[in-house]
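In what comes next, subunit A is part of two complexes: it sits with subunit B in the first one and with subunit C in the second one.
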Partner chain A sequence: MHIPDGILPITVSAAGYATSGAVTWYSLRKISQKENAQASIPKASLLTAAFFVASWIHIPVPPTSVHLVLNGLLGAVLGYYAFPAILIGLFFQAVMFQHGGLTTLGVNATMMGVPAILAFFIFRLRRVVGKESRWGTGVFGFLAGAVGLGIAVLISWGLLITTIPAHLDVEAERASIYALTMAHVPLIVLEGIFTALVALFLQRVKPELLED
Partner chain B sequence: MLDGLDRYAHLGSPLHHWDPRCKLVGLITLMFAFSFVQDPQLLPAMLAVTSGLYAVSRMPLAFLLTRLRTPGIFVVVVAILLPFLSGTTVITRIGPLSLRQEGTVAMALIVAKFISILTISLVLFGTAPFLTTIKTLRALGLPPILGDMTLLAYRYLYEIGNDLKTMERAMGLRGFRARRPSSRVLDILASLAGTMLVRSYEQSERIYKAMTLRGYGHSPRPRDQFQARPRDWVGLACVCLVAAGFVAMEIWLRGSGG
Partner chain C sequence: MKWKWLVFPALLTLLLFPAMTAWAHGAHIEYTISMAVEIVAAYDTGAPMAGGQVTVYAPDDPATPWLEGVCDEDGRFVFTPDPTKPGTWDVQVRQAGHGDMVHIPIGEDMAMTGGGGYSTFQIVLMGACVIWGFVGTALFFSRNRREYAHP
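What follows is the complex of A and B.
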């Protein structure tokens, strides 16, 4: 899911930085409009670290195991802090573990962060059925997780296939983006279920974490 | 800490002594110049500059190789597929597969750029303690909220990571084995992830109180002390010249190649 250095043309990397710069600016503006923005910085920082660590949890999918991206859950819990959190998480990934890269940091942040913000808006819709409703939290949690990962997958394969210097025709490109995204459907469902389960857990144990 | 990234941050090479701000700006410019390269003729020069920089940094080669291993897998997959799938000019055939020229060139470009950019980022982050890097970013104008979040997340990352290990071990000792993604297994793993979030949330409330007691948000922020000497600027100018050289050569080659 992380696009490494050296693959994308510089125009795409630059566009990624421009987009993530704009979204970061928007998020920071929204954050500073809140009263007592300072108090939420430690909370958002530690949750950033906790999300980073939680993505190390492996889910058994025989014959192997997968780890989750959790960008939908991150959006649901962190709200406008989601984008800065993802930017920081990806910076750590790139610098410490060489997953992703510095020139592609903007692209990767956009790819994961914009769907996270979308997931935040989706999860907020549960107000319609009432915040206390376990059904509402479950269903909108599932949607937030599945849409968060689904759109990220679509963006990443779309970018990789259309920009890799391959002389493929448009039909073949479209077919392969479709096929590769379809191959991720089980993971998208798994991500949705997991997000719903964590949201339900938080509602039971620490409901203020789901307040926006 | 940090998975050994700053294990060699205290060697005494010229790159270690270079002003961190000049180093960050210079090396990032060089990385972007490398990612601009599309002409295979520039690859030897690119690899030469990269190996030169790594040699000057005095970090051992084994360190670079271990760092390249994990992300290399993704690039290797692309690199193996491209020569066979992409392009029209067939160089040679291996059984039913035909090796195509365009794909091979694209593969060489991707692999060489990947290795060069990654090596330079290792030179950038391996030659200074990670905290210095974050302070450098802050000195270069990183928004305060992002700076504070990065520092705090970094400070607690490994602590929370150790918490996860402890909890997983405790679950294992109580007989939990995750073999299939059954509803029970998913429920338990979701509680594990949720517990991590709740714990760090509660810890953050205590941290915020402690930070407020120490003047967070009230006293002026300490300024980061960086002092660039003339030779730091010369280093920056040299690296930027090399980067500009690559960009100019690339534009010239594209122009002359039609």
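What follows is the complex of A and C.
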């Protein structure tokens, strides 16, 4: 999921920085319009830590393995805070563990952060069935987690498949990109379930955390 | 008449010469010492990057691939850099949009081994520091404001 340095052409990296810059600006603007913008920072900070750690949790999907992303969960619980949270998490992953890269930070942030904001809107749709409904929270939590990651996987697939350098064995690379993308399908379901469980847990113990 | 003595050996040589070359089944071996670089590519999980596509870039032209190849099932790839091109050789291994690049100095500043990541202990320690940063941020912003309020 994290595209490292040296894979994408420089134009795509620059476009990624431009997009993530614009979305960061918009998210921060939305955050500053809130009545008490600082109140959600502890929640955002802890979920950033969870996002940072999640990429260490590998799930074997033979013949490869995938790792948790949790961008849908961050979106559902954090709303607009999710984008800066993901940006910061990705920055530390890239600097500390070379997971992802600094040149592709913008691309990766856009790839995971924009679907996270989308997940936020999906999760908000639970108002249709009523916020108190546990079924609504469960179903829309699942959709937020699954769609958030699903769209990120699709963006990643689109970016990789269209930028394979001509000097490589394009067929082999394309086949392995397809294989990796398909390996994320079980993860999409898993993260949907996980997001639903976290949302239901928060609704029971501290419902004000889901008030956004 | 002296030259007549030379006729026989000259004829013999001419007759035998093609035969001599045909019979020259002796062997000789030349040698040059060349240096091979072996790389081993693996994912963070430790799984080898079997079938990863390798691209080698020479120091004089870091934009054009100098050599291309594929890792074996253990993630290994061996190549012999051109000794007339000292400098930093870049080797990239890529599979499914994932991969890494290693910079190998060839020539004066050569190291016999290199690359590799952090040890597990280093990773855990660095991770713990970052997590503590996030937790600290959370604690700072969730502190009870009244404690700091002046009368």
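A few points about this structure:
To be clear about the criterion, the second predicted complex is superposed on the first by the 169 of 212 C-alpha atoms of A that agree within 3 Å, B and C clash if a C-alpha of one lies under 4 Å from a C-alpha of the other, contacts with A are read in each partner's own complex, and residues count from 1 in each chain.
Here is the rule we go by: a residue touches a chain if its C-beta (ideal position, glycine included) is under 8 Å from a C-beta of that chain, and two chains touch if they have at least 3 such contacts.
The shown structure was predicted, so the numbers you read here are calculated from the model rather than taken from an experiment.
After overlaying the two complexes on the shared chain, residue contacts for A:E173 are found with subunit C alone; subunit B is out of touch. Once the two complexes are laid over each other on the shared chain, residue contacts for A:G6 go to subunit B and to subunit C alike.
By the touch criterion defined above, A:L87 lies against subunit B but remains apart from subunit C after alignment on the C-alpha atoms of chain A. More subunit A residues lie in contact with B than with the other chain of the pair subunit B and subunit C. When both complexes are overlaid on chain A, the residue A:I41 reaches subunit B and subunit C alike. In the superposed model, A:F97 lies in contact with both subunit B and subunit C. After overlaying the two complexes on the shared chain, residue contacts for A:P62 are found with subunit B alone; subunit C is out of touch.
Shared-chain residue A:S156: touches subunit C; no touch with subunit B.
Overlap of the subunit B and subunit C interfaces on subunit A comprises residues 4-7, 38, 41-43, 45-46, 48-49, 52-53, 56, 58, 65, 92, 96-99, 167-168.
Residues 3-7, 38, 41-43, 45-46, 48-49, 52-53, 56, 58, 64-65, 92, 96-99, 156, 159-160, 167-169, 172-173, 176-177, 179-180 of subunit A are the ones touching subunit C in the complex. Against subunit A, in their complex, subunit C makes its touches with residues 43-45, 47, 51, 53, 55, 65, 68, 70, 92, 94-101, 117-118, 123, 126-127, 130-131, 134-135, 137-139, 141-142.
Contact residues on subunit A toward subunit B in their complex (touch as defined above): 4-10, 13, 24, 28, 31-32, 37-39, 41-54, 56-62, 65, 70, 77, 81, 84-85, 87-89, 91-92, 94-99, 101-103, 164-168, 190, 193-194, 197-198, 200-202, 205-206, 209. Residues of subunit B touching subunit A in their complex: 2-3, 5, 28, 31-32, 34-36, 38, 67-68, 70-71, 74-75, 78, 82, 85-88, 102-103, 106, 109-118, 121-122, 125, 130, 133, 143, 145-146, 148-154, 156-157, 160-161, 163-164, 178-181, 185-187, 189-194, 196-201, 203-205, 207-208, 211, 216-217.
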